[in-house]
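You will see subunit A twice below: alongside subunit B first, and alongside subunit C after that.
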Partner chain A sequence: MNVVAKTETGRAVGDGFALVRDRLPGGGKIADLRREAFEAYERAGLPHRRIEDWKYTDLRALMREVLPLAPRPDAAALSRAAAATKPQLIGGVRRLVLVDGVFAPSLSDLGNLEKGLTIRPLRELLDAGDSALSTQAFAFDNSNPMIALNGAMATDGVVIEVADGTVLAQPLQIIHVASGGAPAAMFTRSLLRLGRDAGATLVESHLAADVATAYQTYNALVVSIGDNARFEHVRLVEDAFDAFNISSVNVSLGAHAHYSTFGLTSGAGVSRYQMTVTFAGEGSRVETNGVNLLNGKQHADTTLFMDHAVPNCASREAFRAVVDDRARSVFQGRIIVRPDAQKTDAKMMTRALLLSDEAEADNKPELEIFADDVTCGHGATTGALDESLLFYLRARGLPEKEAEALLIQAFVGEAIEQIANDALREVAIATAQRWLEARV
Partner chain B sequence: MPAVQETVERVRRIDVDQYRYGFETLIESDKAPKGLSEDTVRFISAKKNEPAWMLEWRLEAFRRWLTMTEPTWARVNYPKIDYQDIYYYAAPKPKKTLSSIDEIDPEILKTYEKLGIPLREVAILEGVEPPPGGEPSANRKIAVDAVFDSVSVATTFQKELKKAGVIFMPISEAIREHPELVQKYLGSVVPTSDNYFATLNSAVFSDGSFVYVPPGVRCPMELSTYFRINERNTGQFERTLIIADKGSYVSYLEGCTAPQRDENQLHAAVVELVALDDAEIKYSTVQNWYPGNSEGKGGIYNFVTKRGDCRGKNSKISWTQVETGSAITWKYPSCILRGDNSSGEFYSIAISNGYQQVDSGTKMIHLGKNTSSRIISKGIAAGKSQNTYRGLVSAHRKATGARNYTACDSLLIGDKCGAHTVPYVEAKNSSATFEHEATTSKISEDVLFYCIQRGLSQEEAVGLVVNGFVKDVLQQLPMEFAVEAQKLISISLEGSVG
Partner chain C sequence: MTLRKNVMSLLEVKDLKVRVEEREILHGLSLTVNPGEVHAIMGPNGSGKSTLSHVIAGKPGYEVTDGQILFRGEDLLEMEPNERAAKGVFLAFQYPVEIPGVTTWNFLHAALNAQRKARGEDEISSPAFLKKVREVARSLNIPQDMLKRGVNVGFSGGEKKRNEILQMALFEPAVCILDEMDSGLDIDALRIAADGVNALRSPERAMVVITHYQRLLNYIVPDFVHVMSKGRVVKSGGKELALELEESGYAQFEDAA
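Right, the complex of A and B next:
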């Protein structure tokens, strides 16, 4: 095995960086930013449960191995990756594929770009020398150690620009595939910049070749949404069941912008999705919906941070978890309303459905309010399937598992229905359906 | 809106000046040398004529405390406390051994009179009218344990309670007279190693109340302890232990005040409740420690550990608190629902003004089967204060059928304050049903307009809305306290319209 070290994981991550730093793309300013990011990571170390933000996801306990950086995919890896993406094809979308953390032009669709759309691999951008764009991609908040680590190590990604006034008709899809070489770690960082009055739809998929096991994927996405722009974002995590997925997204919105996002996690052994949304202009609106479908020993953590920094914005967060077997679902939501952010309208709801006696759901919906003329609310519920509803269905002849499936479908359906794009909604419904069928 | 803001500022100043309990009693007192060491612990233990096991218990806690660090997770900011700059023991100098209430230092009697606390065995507290038709009935009596700085100065109705079999006495006496009960239960709910402030308390606590209600007894009257900090540079570390034996019931009230001073004084109490099978304890607090002045100078640092253990089946513990005082409040009255079918309740109103910082809430830990809990919390922030609700609801693997309902609401008055909600909801059992809801808002203009249109003044209208908002909690207070609490709420919110 290509394992660098066991247990002493925090330390070993540092050694890993020293080993590869000269091979990482980007010189000049980027090299400085990488070093800063790495130093920030080194100061904090691997997050553990005594750090409030990581209370329920103790990486010191969950992360047993540090893996070497994945090698550039060879032809065999690319063909395994191609085979893995095939069943997941979504009609009518433009595919951008990252295999083992490296952009794969042969699997991606870069032809006939719509007017106003630019797509470049991050590596190409970095190799071309410093630019405002490359700096923006690395201008992430290093106070989160895992984001800092990603900044230090990121090898590739996709940089997408949508010009002012361009509304893309075709959705974009970034596919992260693990090709299944020796267990390895992959680090990607992508950037999406939407100009004024622009519009785009992006789906991010995380999947793996059948032979891929025990890999680690660390991803970051920086999104800036211009004034009056609209962005729809769907995220599907179907990583291998022993894989490790830590992904972060940082979104900033201009004035009168609209961002709606939906995430479905049914794969990965340990996953953490951390999202920060900052309102930088007035009159904007954000809707975030998420569903976790977990079984076995999966551990999935969704941590959302909604920063109402300016007045007159609205946000809605709705999160649902279905937890079976010995799985654990974590939701941490934090809404902060800054002192001058009057007329903020923020609501957050998290609901968990526990299907087994050993399942666990931890919810922490937090409000931090510094302005008085606001409406903020949050709710959290946890419970089992409603006995009387189950009885009703069974009395009508449905077998127990099917009756359960029907109720679960209704439970997650409410969140999935929020996806505006028809094709993507169908994909999410199909993914949930597969999970339910596997259960029956 | 400069004019309105001015009004708010002016009223807020009056508001803090309205602290009615800020006077100081001039009295000679007997103090331990300043600072904290094993000698301080031995001094306190010796003052109390404690048995050897008690001293050992304290020393063990002290040694552990030395290895601990002060917690920083709460949303409160304060300059570092110098634990060596505090007197850990201060007691009014006794003139001679007391045989009756009349021999208590008249200065102290006067103090309690001013505070409206009856040390003579009068039937009712100030502010409560006797029921129409004459004599107050027996169940309206209140027994009071008065704790002045580090010692209990008087405990009333002890004889009458004794007849019913209820033990109600200062804990320092209980350690000597009922060692078997104290040894069995002290530290069994809040262990000496629990947290920084509880460990400190275990080492240096000087007095507090002890209550034991024997099986099947319904305590014939309300019990109450009134805490008063008087001496300068003194910390108050009291310890309360209440045990409700099988099938018993007791209602206990607690009140606190302190003089107005520029320095910050530390109050680190521990309260332990134990409810055995079918027993019920109702614990109510009206906390009105000195909150500091309008500039945020002075005030009590209130770091309190309160925990109830529903140890027996079908037991019930109910916490009700009205928090208006203290510069800093760090307090989480909790219930451990260990017995099957046990239930816990937490009703709280926390009002912050000036520069007060409140970080308060509860923990409901469901361990037994079919346990239930209910949390109603209302936070009102005004002035430049920060008001945080922090609460945990957890169900463990075996807590089949656990139920919780939480509602926490915050109201902001003015735009310089903050209201925060930090709930932790952890379920490890599929049959646990937890519901949590919270809202933050300011008083709706529509509602105010409606009231004003019907002839109420702006202030009356706000008063009406706020009282409606906190009604759920006030209803849970015993009659005697409800009156007091109503008064407190009107003090804190008067003129807060902005």
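Right, the complex of A and C next:
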């Protein structure tokens, strides 16, 4: 069964890759990197449960096949995309919109860039020829088949550079929109480079037009944070409920840098978010917070890999899931403390709230510690809403669903509170609120 | 029917039998409470006092096998706990729970509006709500910053009980059931809490004060005292009954039951 699926999958995408080669920007070295990445993907095929890293998220069973590449969006697609983004607009941010995997200048805001900020579509960069920057965008680990596939197939993305010493006042937003043509796949890859002493805030939003169904979105983001720089990163996944979202982020930090990230997944039928953070300079700090709000048959997997490669760095991972109906939330968190990384301070905590008997939360924390002078720990809890708290609230007049909503709100609120940017925090609160109101 | 309504009791417990799992806790308990009355229910541990308060408020886990509880003639047992609250039944908990992440302000506002909505009344505006809560909080000596914290989180025993009375004052219920209000309170905290309760006595409102000790009844003076033993009311009388109990203890009634 699996073998058949693999062969079919391999062939379908293999044919697809040959067919769409001319639509994939970048010649020379980039074309070579794409071919290598594709071959790496083809050797592995879609990951399945017998691969340890994917044991909770068997893409062969859940996804079965990689769909053909989405066509370039036409005027109708762009207008559907524009309508879809409208209710989600966040005041005061600079919008960069990718529709069906293609940068849409007409929906994006590239005017009056702050001094020290450069933004280019990936396609433009690649068409201009090889450069260190384009190679960096494709320098990914092909041992992960889904990252390899993304590298082979990426049609576009945004490349953002923030110069040394530039602290952006205005947050940036990358919006991925599925416009809702025939079910198809979109592949995007973006790059953010923060120089020394730089600062930026980025929100990534995944959303879809009402008519979009059963699409697949594959995204990768490469972030390098320079010495003394700070980066706040918010991610909101509100894809269609039968869509697939397979995304990766790869972050590397210089010395005395600060990375803080918050992710909220309430959409997509099946999602996997793979996050790799590498400490490359001493004295840096990372805070990752995530919330899954799931119902129906949703499946959301967050897989983090925190690589403490150098001494004197700190990381905090706090992940919360609220799981209703027959949904499933997966959290895999691996922290590695390499032999030289003395004085590492790494902590990981996951908490899951199960709202139905059939809901499931899988936690897999892993600590691999090779240094002896470190502070590391992890904890996990899974449970239902506290009956005594529910009764107290109901005895004070709150109907059952509202009482539940208040307790869920409190549960996720503690994670949302970690978002430093006021506007983005409000957006996350509103997103969680919508999810709760849909339950009542 | 309309005529009868005027003379109808506020709360009528009729021959109530209640089980928890396989054990019967209340074996046919009756109690009638009219507007303006303060009833004290006394009894030794395990006599079923708290069970009665829980069943009136609608706590899950109790099975009523026989009997009725009527509130203004309506079948209370058919109502959800929140419906009972909106109708005017209030239980002051023996052990108020802590709810981290939900501020007292938000909780009070949401609860008050839920009750008003259930009664078909308009929601209370934020400024009107703030004004009301501030007034009540001041009268109960509850500092403002306590209202900004999570519900009961980090509150002392006395503060938790005062928070219950604050809610009682805010929701203006018709019947207040006070479950062991004196437990865990020193004499000063008890006096503040009792003053708060006394301030809420009115000709329209009834109170049922559940307590193990007579001490509380020096501060909240009841009109009627009922002695419970082994799941029944075994003796009823005036406030002097409480003093009698203080002298002779519960033993005589355990035999009676």
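For the reader, a short list of remarks on this structure follows.
As a convention for this text, the second predicted complex is superposed on the first by the 430 of 440 C-alpha atoms of A that agree within 3 Å, B and C clash if a C-alpha of one lies under 4 Å from a C-alpha of the other, contacts with A are read in each partner's own complex, and residues count from 1 in each chain.
Just so it is clear, a contact is a pair of C-beta atoms (placed from the backbone, for glycine too) under 8 Å apart; a residue touches a chain by one contact, two chains touch by 3 or more.
Owing to the predicted nature of the structure, the values given are computational and were not obtained by experimental measurement.
Three-chain overlay on subunit A, with subunit B and subunit C fitting side by side and no clash. Counting the residues of subunit A that each partner touches, subunit B and subunit C differ, and the larger count belongs to B. Of the two partner chains placed around the shared chain by superposition, neither subunit B nor subunit C is touched by A:G45.
By the touch criterion defined above, A:A361 reaches subunit B but does not reach subunit C. By the document's definition of touching, of the two partners only subunit B reaches A:Q342; subunit C does not. In the superposed pair of complexes, A:L393 makes contact with subunit C only, with no contact to subunit B. In the overlay built on the shared chain, the residue A:G116 is in contact with neither subunit B nor subunit C. After overlaying the two complexes on the shared chain, residue contacts for A:E414 are found with subunit C alone; subunit B is out of touch.
Superposed on chain A, the gap between subunit B and subunit C at their nearest CA atoms measures out to 15 angstrom in whole units. Residues of subunit A that touch subunit C in their complex: 386-389, 391-400, 402-403, 406-407, 409-411, 413-414.
Looking at the complex, you find that subunit B touches subunit A at residues 73, 397, 410, 412-442. Contact residues of subunit A toward subunit B in the complex are 52, 339, 342, 352, 354-384. Residues 57-60, 80-82, 84-86, 91, 93, 96-97, 99-102, 106-107, 110-112, 114-115, 118, 150, 167, 171 of subunit C touch subunit A in their complex.
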